[in-house]
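Shared between the two complexes below is chain A, which pairs with chain B and chain C, respectively.
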Partner chain A sequence: MSEMTWKDFLSQAQEFLKISEQLGDGWVLHEKDANEPNTFLKYSHKIKCQESKDSDFTLINVEYHIVYSVSYQVPMLFFQAHRSDGSLLDLEATWRVFMPDTASKDLYQMLTQTEHPVLFRPFMALHPCRTAEVLDQFGQPSANRVLTFISLYGPHVKLQLANAYGLSK
Partner chain B sequence: MAHDREVLRMIWEGQIGICFQADRDEIVGIKPEPFYLMVSRLSYLPLVTDKVRKYFTRYIAAEHQDGAVWFDYNGIPLRLHYPTGVLYDLLHPEEDCTPWGLTIHFSKFPEETLVKMNSKELLESHYMSCLKEADVLKHRGLVISAMQKKDHNQLWLGLINDKFDQFWAVNRRLMEPYGDQESFKNIPVRLYNDDDFTYTQKLISPISESGQKKSLADLMAELSTPERKAVGFRTHGIDLHEETQVQWMSEHLSYPDNFLHLSVDYKDV
Partner chain C sequence: MSESILQFAPWESFVSPTFWHKLAELKLDHDRLSDAQRSISGHYTNRKATGCLLEADYTSFNSSGQPPKFSHAAVGTIYNKNTIEEFKALDKLTLLSDEGKKLLADMCSDRVATDPSLLTRFFVLSFADLKCHSYYYWFAFPCPLTPTLKLQGAGTRLKDLSNSSKYVEALQTLPPDVQNFFILYANDQEDAVEARSLSSLDEKEVEHYYFGFADPSEYEHPAWLMRNYAAFLLQRYPSFIGKSLRFLGLRYNQQMQMDDSLIWNVVQTEACDLNETEDVKFVGWELNKNGKMGPRMVCMRDSMDPAKLAENSVNLNLKLMKWRLVPDLNLEIISQTKCLLFGAGTLGCAVARNLLSWGFKHITLLDNGKVGFSNPVRQNLYTHADAVAGNRMKATTAALRLRDINPSAETVGHVLEIPMPGHTIGESLRAQTEQNLLLIEQQVQAHDVIFLLTDSRESRWLPTLLGAAYEKIVINAALGFDSYLVMRHGSSRDEAGDSGREIVGLKCINGNQLGCYFCNDVTAPGNSLKDRTLDQQCTVTRPGVSNIAASYAVELLVALLQHPQRELAPAYYAQTGRHQSSEDSGKVPEGLLGILPHSVRGMLCNYENILPATQKFAQCIACSAPVLGAFKNEGHAFLFKTFETAKYLEDLTGISEFKRLNSEIIDFDDAEFDISEDDED
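What follows is the complex of A and B.
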């Protein structure tokens, strides 16, 4: 029940994209080639943040990718954050900006830098070990589980979906 | 079950000769002699290069000495989170028997290219993620989640301290089918294309549709397309015979991360 096939992911991602296009909020589907899992959802926005308590507020650009995990058979959330000078936020900076209240010993199990499975470049990734469980708990069998996934995991990394996605709160 | 202890031992003891040299732009004063080191194929560069780092630190500018360390081969940055043997088999020409010439860098870490593994904690976290992923493929994650933290620690310590018996005392549980199953559900495998770092991810069952144990010949057929035929597989520097069984390979030829890392040779049709 909790397993999502590649075909499920693809059709649900396309369904999600239809809603996004109506809302004009900027999600796109990126296809590297026709092989599994080389098509993923992509979204960017700028956020205002403070890299440390004493520093100024700055704008950083965050790009999110929703990629299918062949091994775990669930969606996974990857992201990259860049400063306005083009430099990439490394692991420590990302932890400080996105999860300032979580102890680093826990963060090693939750959010780490890894290789993007389609682009083979460093991206931050939320660990997928419990995703199937979480989706089971919160998703209805007929609902779009890609949408459920983004709505549940996104907020932890400053990614909010508009209410108009039809999610009951 | 990983019966063949001789094979496990041979794989464990595989080593590579490396010749390290410094980055010319980072040297201050006299040019250091190269540093030669035999490293385990199964380990990771950041874990086996403390001595190399210490040796070259004396020759480089003070402002670089605390930088994140990385390595290149012929200008190609080396992925710090890939086992050394995998990097070597992908990059080093087979016919070349001389030590593998790498350059160590202390500055200008290629942030957009390499995952940064500049602490043991980060490598350990990566290693544990690989184990979890492998177990999800083999056993739906049931074996590793039933293990205690001390078992996970024993695997990691066995790997970094080169303790075969300590490592395999725990790893053998990951190498057995779960419960009354005859084989793993799927095989954890990275199939490298065309000698670069990218790999294909595919669910590979060790049993064919007819219920037979799959061999590499079956896997070749699975990976071939009308345009391109898979004609051979290599791992740990060995060309594999097409009659080798995939389940056996997973049990005996996996790296400590529990994944098979296979270079696939293709021929255009």
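What follows is the complex of A and C.
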């Protein structure tokens, strides 16, 4: 098992940011304060979604944070969505929007609400317990494991990276 | 050429939670009672636009806000009213008209020409209910009602123009900060294409102009802001009336290509001088979610109320238990169950904290003591400062601390003395005692669960009786020096629950046949504080005992609440021999959280628990029919008789007779318990 150190995470996140800046797709590196691990990658976009099967399509804003988990020593994907009036989607609403076809008993193993390690607020998170294992399967060819992580985990919560990320060296 | 009326995509407000956070902060720390209007800004993007959004967030309140990358600024005002009544009563037409006139004044002066972002105008009428964290708001995007613009032909994509690559090239030279409103000069005869700022406008060149603007609309129609743009141009340059004007809505995709930009040829045939016209009409209030003319309301409690945040986080922990380990756990029942704690000492504090951990919300404490210097180290809701203050009552202090820990808990403390059998009440205290009795009775009736956590035997008598009389769940915890007893009292509810299953090797007692704390006694509680040395008067226990007992007490309650039969659930114990063989005890039927014993008796000296179950005693001095009957018929008069002398209870129940006949069964359970100690040798 190859966990990741905070320094690895930080340098790979900075590399990721460089690619993003070339592409101009709007990722930023958010530095909260001087207490490490204090920095995370941030991205937000708007998506059209249905909060339930019969409701109209509405627009929500989703903010994604790629944060370093000290306990699991892997990157973690945190996110939070809000509606046009500023109200946040709670866990149940998040499940309905992002994982409408998943059996409810399986949901908590994938997407739960937990405390954001940098902001100390409840946030939605994809569960990190198998991240190290998953990243390992990609072995050495992955030059940037933060990038690999985002491209693997992001699509589960409507976060797609441009193909250009895969091409850049 | 076909002509139709040009329609616009209306703005859709899109508010970030941070906008409300900032508004709340400003209202609390700066504006307070002032409801003066405040300048704000918004922003919109024409890159990969979704809908036609005007966004507001915390940066909206900055005095010189830079819009985010790929976005442009809109100019706005917020009218945050002090009351919902003012919010409702405000004349919406007048406000729109006042705001519209300000816009008009800007258009007619040079201000728009130098800062065209003034055309992208909005205002918000709001009321922030900071107590409930509710925000009522209504966005408006004022625009003068001018003669219609006729669209000549259909909108054309920039890509489909013959010279599009030259146009694109020219547009790429335009600095981002002037892309909100600009001119694309295209003179095909002279083969000159050039992007220029709006201030360079020369009305003689109009036939070579595309009036460009960053278009945040994703629809076929241009965004609402073009309406003000056109109104401004036609007002400032009356020669444009009747002329075909070309507008270019600049739209980027994710890759920053502008191929999807659209061009509309429009003409306004009817002259209209907005300065001359009396009473220009304005439009622009946003429709609410139901498509109606009306304000919106958003409740931000979940993310803004610290109490709610704490509550959600506490629930999160409990839900994890539900999700992962006990899917059928009913957290609703727990949060709704009201607990009354007799005693706010070592046991009371520890029980209360455990209740909070489980998500109980309603906790009431009864105690008559003050916080003393010896208390804080063991009684975990108090601090040294409470003792120094000298006048802090345990019940109220504990209630306060519980709310400090979880602000969404509903806790109350009542300072009062619990009347006890054999503790004679003098004439002078009679009225006070009457009052206390009334309060205690009323509290018992108002709660679902009663915890007996006092430090003497006789103080448990009244709550035991009341718990039985009002059919409440009663959980009792009592401490010895290094031993403890935690039990649930048998239910006095008469309804026949399902009888417990007969299981070979196990004896089963139904929930309404289980005994209470006093059922094993053949003496009425007297004044146990009489004739005692100091170490006997104080509760001298190994400190861990109270925490263990308090934890068992709360866990026992939770297991009971999660059991389908609740307090009527039967208890089982091994019939053969004193030791429950592991084989037999393995057969005890389990509820959601395992077995539900009648009582847990444990010792620290050998770290052992046993789980005896005992029958109700027909002569019990606290829960038997004669006692409950006397209380029902005589009420307080009966209680006062028992306070006078405990002997009265013994006679009433016939227990004195019983005592005379057979004294061998005294403390049957304790005797049994002692033997288990001997076995260790």
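The definition used in the following text is that the second predicted complex is superposed on the first by the 162 of 169 C-alpha atoms of A that agree within 3 Å, B and C clash if a C-alpha of one lies under 4 Å from a C-alpha of the other, contacts with A are read in each partner's own complex, and residues count from 1 in each chain.
Here is the rule we go by: contacts are C-beta pairs under 8 Å (C-beta built on N, C-alpha and C of every residue); 3 or more make two chains touch, one makes a residue touch a chain.
Since this is a predicted model, take the numbers as computed values, not measurements.
*Asks:* Based on the shared chain A superposition, would you classify chain B and chain C as clashing or fitting together?
*Replies:* clash
*Asks:* By the touch definition at the top of the document, which applies to A:P37: first (chain B), second (chain C), both, or neither?
*Replies:* The first partner, chain B, only.
*Asks:* Would you check which partner chain A:S71 touches, where first means chain B only, second means chain C only, and both and neither mean what they say?
*Replies:* First partner only, chain B.
*Asks:* So, does A:Y165 touch the first partner chain B, the second partner chain C, both, or neither?
*Replies:* neither
*Asks:* Classify the contacts of A:L88 with the two partner chains as first (chain B alone), second (chain C alone), both, or neither.
*Replies:* After superposing on A, A:L88 lies in contact with both chain B and chain C.
*Asks:* Could you look at A:C129 and tell me whether it touches chain B, chain C, both or neither (first, second, both, neither)?
*Replies:* After superposing on A, A:C129 lies in contact with chain B but is clear of chain C.
*Asks:* Where does A:T114 make contact in the superposed view: on chain B (first), on chain C (second), on both, or on neither?
*Replies:* both
*Asks:* Both chain B and chain C touch chain A; at which residues?
*Replies:* 87-88, 90, 108, 112-115, 121-122
*Asks:* Mind pulling up the chain A residues that touch chain B in the complex?
*Replies:* 35-37, 70-72, 87-88, 90-91, 108-109, 112-115, 117, 120-122, 127, 129
*Asks:* For chain B, which residues count as touching chain A in their complex?
*Replies:* Those residues of chain B that touch chain A are 79, 81, 111-116, 121-122, 124-126, 129, 132-133, 136-137, 141, 188, 197-198, 200-203.
*Asks:* Would you pull the chain C residues touching chain A in the complex into a rising list?
*Replies:* 12-17, 19-20, 50-51, 53, 69-70, 135, 254, 256, 296, 298-300, 302-303, 309, 312-313, 316, 320, 323-324, 327
*Asks:* Inside the complex, what are the residues of chain A that reach chain C?
*Replies:* So the residues of chain A touching chain C come out as 24-26, 46, 48, 59, 61, 82, 84-88, 90, 105, 108, 112-115, 121-122, 162.
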